[in-house]
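What follows is subunit A paired twice: with subunit B in the first complex and subunit C in the second.
The block that comes next holds the complex of A and B.
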């Protein structure tokens, strides 16, 4: 007897709970489909029942997800020699049903011929995930392949088909372990057949989220970290401090502002003391960003840093210390020019005014910058500047990064390409300590809340890991 | 008052804070369940971001760097010596490449509406696309070689020179060699591919042990990366909660909310 509480997403084919509004795998909107109809069709249909047809206003189903996503094919992990000839790449025979996967018999919209009607246009292929949308929040942009391959026709052979059997099996495992959101299909639908090791228990992660949030709020509310409590000290912070402290007055620092408001909550903590230090030293900053939200984020934080800088730093004219180069489009292709001739790369500032007569730009016309400062939330931004800019102007680099970026760029610190690294809130707090800044009362309280919150979050994480490990061990010992 | 200070009136600042507070709650409601509140906040965020990007590209790139110089002095293509000017290279050439890309887009739209026609316009986009891809790939490959591969190989080679150095350096070098070799061995001939049989029988136990070590090193590295990502994301969450519930308590927003809750 087949349970009726899940159905396959018409967009990607993944099983979803019946009450789901959006697909847990691809985010497709599911309410536009007739859930009751789909549920009924999830059972073996009676001969006299009409075949389900998607509504016209529903999302357009792909002709066959297995064509565009080979790892969805049930025989994807089988050696080539074991596949029937008719199921080799290029064959049009529908795939047989597989345990744990929606079958075309149960879900007719997955069949290649389900939309075949005399008057309807041929089904359009599923969107290619070449552009995954902004931060993965929206549906992928549908790339019109005909723009680049106008004459292409007929079945195409995927490059994955040429991979060896073991690699295909690994890829399938990699792409097939998406855990469902909110519900546990193995519990709701035993017929689906997910084993205990394939996500059982993970459906309870909402409890983990709730526990984590409650712990954080309690920690923030009763911030009880001792005044001398300090997070772990990572190497590279004192070297960053020394590199900036040794700058002469009026030294030109080229700043890559590679984070935007989505990461500002963490990055501001690390970047603020560094920017304050640069302003204290009287360095001239040329700030550019390759993110649309970068220039505005830079402007806000520099304004905050100026309020925390000394009176001597504040007495300097802002025009002497700061050139806002603004948004620098072009990705990696625009960086070599910035390394070779920054004057040509940044002709105007954010307001569209020519900056050729500014002191920082005049200095860069003859000399390399004294320092490259990279404020990045992604490791790629740091690597790009090391590869494209530093290799041309040989300036030392100080990187201020998210904690998540730290492991990826640590080799550059060891090789000496990055002279100093300040990562995460821990690096920011340590840098502030080196500056011997006297924090305001509100600043001390905020810092204490961050330390306490981190400690509580770690306790919850350790608890979850311990309980999860014990549960896994207990399940493994079950006969 | 500096050019960096906000010129928005205080009421707008508070309104922004209020909107941020409400939409943060929308996003956080995902903890309870996925709903249209979460999606609405996400789509609004995406839409506003895209709109902001369009405005920024026009005001910060296209107008001041391309159209304004061209409109100011459109015919300065060659200098008095007959040499091409910068105006030609950084003004007219990018404009022409951009128009060719637009032509392909217009042709695409035309075909969608008319249903047929010769796709000759879209072939015009081949030139700027080839330029973009070629320059990007060339810069990327050259940069990766001179900025990452060579320096990292050089650094790895320097480890071999640490025999005369401090014992800690030697230990670091040996561990690096051991772990790197073990990880490569595991990835190449470990359980993933199972072709360990290609090695001579006497070497197999040693190689198996080395690959076992490499596998544990990979697990350890994955654990370190996870721990740092966790710390990063928790910091973001704490910063948001701190902003919403603690740092802004003195703001008008909280006074309004407290007055609303207190009824006066």
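The block that comes next holds the complex of A and C.
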């Protein structure tokens, strides 16, 4: 047995190596704890087991974690002039903690005797910041009450304070628990003598890898999606189609190309039918991007859309109807100008020609664009345009997003700030269906490939979930 | 904030920030009432400055990056060949962009984008699939804390979204998945959005009027 190589974290209970500086689960500062005592508390050693002794040649830990981690000080936000004299740099603290041990005032849960006093929880320091807690994960987030009552300097209490100390500790353990999987049994039980990749029952990694590989190969081998199979699309696609279909000829559309090749695999499938529809309608596009790789990605997809456009649309596109605004730096700070004065925000295009003289978007000098089209792989890009651009030019927004962004954007669809939403490749296929286009043979083959791929991805995921659950259940039965 | 500087400098800096914020606020307020206020040209000028400033910071960042990696090469730091690779790639792309007649749309840079940047980014992002599989194996478990609810939500969404399974499911399952997205999930997202907006608002109020501002 190698039980003396770890000890339980006094904060969350997670086993940690004796040499650990921070807890691997909750991040509590562990350096300088009395490791031998903590080891005895968590794992009582056998009589013949050696007890951990700190090495003499180990680096000397800091006497106070607040020296190396000043953010641990409760008065971290206060200016120097407002701190007590004893806490200013260069001054001696009245009662310096023992060398090698973190200050219990800063981290009360590190007290070795904290578990022995379940009815007397350690005092909590009053929060000095706007919000407290570790992202609200371990303990609920707290709003600093001094913001509303500057005079009240007393400590605030949360609902957790009313719980027994053991219950609070269990809650911390619950949120810090990591499901142990795929532990190499040969490491835990050297006497078993199994090599990595082997093990008991469901721990056999080779089995899992083999199943995954087999499912992938089967998916590639049997491309058997039926021609009429369609993915389920979320609401909002038909509204997006109607908004674009109602555009008049030569309407100016301001396009935010907020994805680059990293997301193009999914985004192109959703964006292509929308761009094709805009070209068919003869819309004039001013394309800008706030990603360095965005303009080049846009140029490629628009070229693909043009190859699929009808002759009538191509003849209309012979005019100067596409303006590549290029890369727009500045993040959110540059967007209000795009909403108030687009031509001033994009003075020249990618070829260095002045945008203000282009007949295609001359209407933007006096009027708002007829439509804002946002092609985004992140929800923040859509939110920024709603807040900083649409609020100034009042143009309707159609968003084309990845499927993962859909839930974060849908409240804006429900409120009417976004008139249409096409999300993921399912939305793209639904949009293509609405266009009533007769797909070419290659288009049908491409669509069938994607649907087949998603079908088999589902099979793989279901397989993985089933194996994982069985492994978890089997693990709980272990003695 | 500004604790190490003179109080007068602190106050002047805060005054400038407050003036700019107030001017932009008044400008946006006038836009909300559909009235053209005289603040519009000043606001546009400030926005243009922000645009120019951000472009300048990009150039500054490039110089800093080069300086850092040239220093690493000169010092012979660990993994200095990678720094050398970065500098060589930077110089090659820069020369190609300036030397070619088409600038950023020249065939050479287009080839660089198509053959190097796009496949590299797509490859890195494709690794997400493996992370998803690993996460599904680790956390979509019946025995893990809260795993049943997460597993149920993930399964219903997956089964409804996938053509293979959707054809076999009754319509009520699809309606239930739509309801999940449109009611509970949307409520949670609205709460998060409103909470985030309120937090920003209170942070701004505290910055300007707080006792430590």
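Note that the second predicted complex is superposed on the first by the 251 of 479 C-alpha atoms of A that agree within 3 Å, B and C clash if a C-alpha of one lies under 4 Å from a C-alpha of the other, contacts with A are read in each partner's own complex, and residues count from 1 in each chain.
Keep this in mind: a contact is a pair of C-beta atoms (placed from the backbone, for glycine too) under 8 Å apart; a residue touches a chain by one contact, two chains touch by 3 or more.
The model shown is predicted, which means the values in this text are computed figures rather than measured ones.
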| item | value |
| --- | --- |
| Partner chain(s) touched by A:279 [first = subunit B, second = subunit C, both, neither] | neither |
| First, second, both or neither for A:467, with subunit B first and subunit C second | second |
| Subunit B versus subunit C as contact partner of A:453, first or second or both or neither | first |
| Contacts of A:230 with subunit B and subunit C, given as first, second, both or neither | second |
| First (subunit B), second (subunit C), both or neither touched by A:384 | first |
| Touched partner set for A:303, first subunit B, second subunit C, both or neither | first |
| First (subunit B), second (subunit C), both or neither touched by A:12 | neither |
| First (subunit B), second (subunit C), both or neither touched by A:265 | both |
| Touching partner for A:340 - first (subunit B), second (subunit C), both, neither | second |
| Contact residues of subunit A, present in both the subunit B and the subunit C interface | 147, 150, 181, 263-265, 293, 295, 299, 326, 329, 331, 333, 336, 344, 350, 352, 383, 391, 403, 406-408, 411, 414, 426, 454, 457, 461 |
| Residues of subunit A defined as touching subunit C within the complex | 77-81, 130-131, 146-147, 150, 174, 177, 179, 181, 208, 212, 225, 229-232, 234-235, 260-265, 293, 295-297, 299, 326, 328-331, 333-334, 336-337, 340-341, 344-345, 350-352, 383, 391-392, 403, 406-408, 410-411, 414, 426, 451, 454-455, 457-462, 464-465, 467-469, 471-473, 475-476 |
| Subunit C - residues contacting subunit A, complex | 3-4, 24, 28, 31-32, 40, 43-44, 47-48, 50-51, 53-55, 58, 103-105, 110, 113, 117-119, 121-122, 124-126, 132-133, 136-145, 151, 154-155, 158-167, 174, 177-178, 181-182, 185-186, 189-190, 193, 199, 202-203, 206, 210-212 |
| In the complex with subunit A, residue positions of subunit B that touch it | 2-6, 28, 31-36, 39, 42-43, 45-46, 49-50, 52-53, 56-57, 59-61, 63-65, 68, 90, 104, 108, 119, 122, 125, 132, 135-136, 139-140, 143-144, 146-148, 151-152, 154-155, 192-194, 221, 224-225, 228-243, 245-247 |
| Subunit A residues within the subunit B interface of the complex | 20-22, 133-135, 137-138, 144, 147, 150, 166, 170, 181-182, 206, 209-210, 213, 216-217, 220, 263-266, 268-269, 292-293, 295, 299-300, 302-303, 306, 318, 322, 326-327, 329, 331-333, 335-336, 344, 347-348, 350, 352, 383-384, 386-388, 390-391, 402-404, 406-408, 411, 414-417, 423-426, 442, 445-446, 449-450, 453-454, 457, 461 |
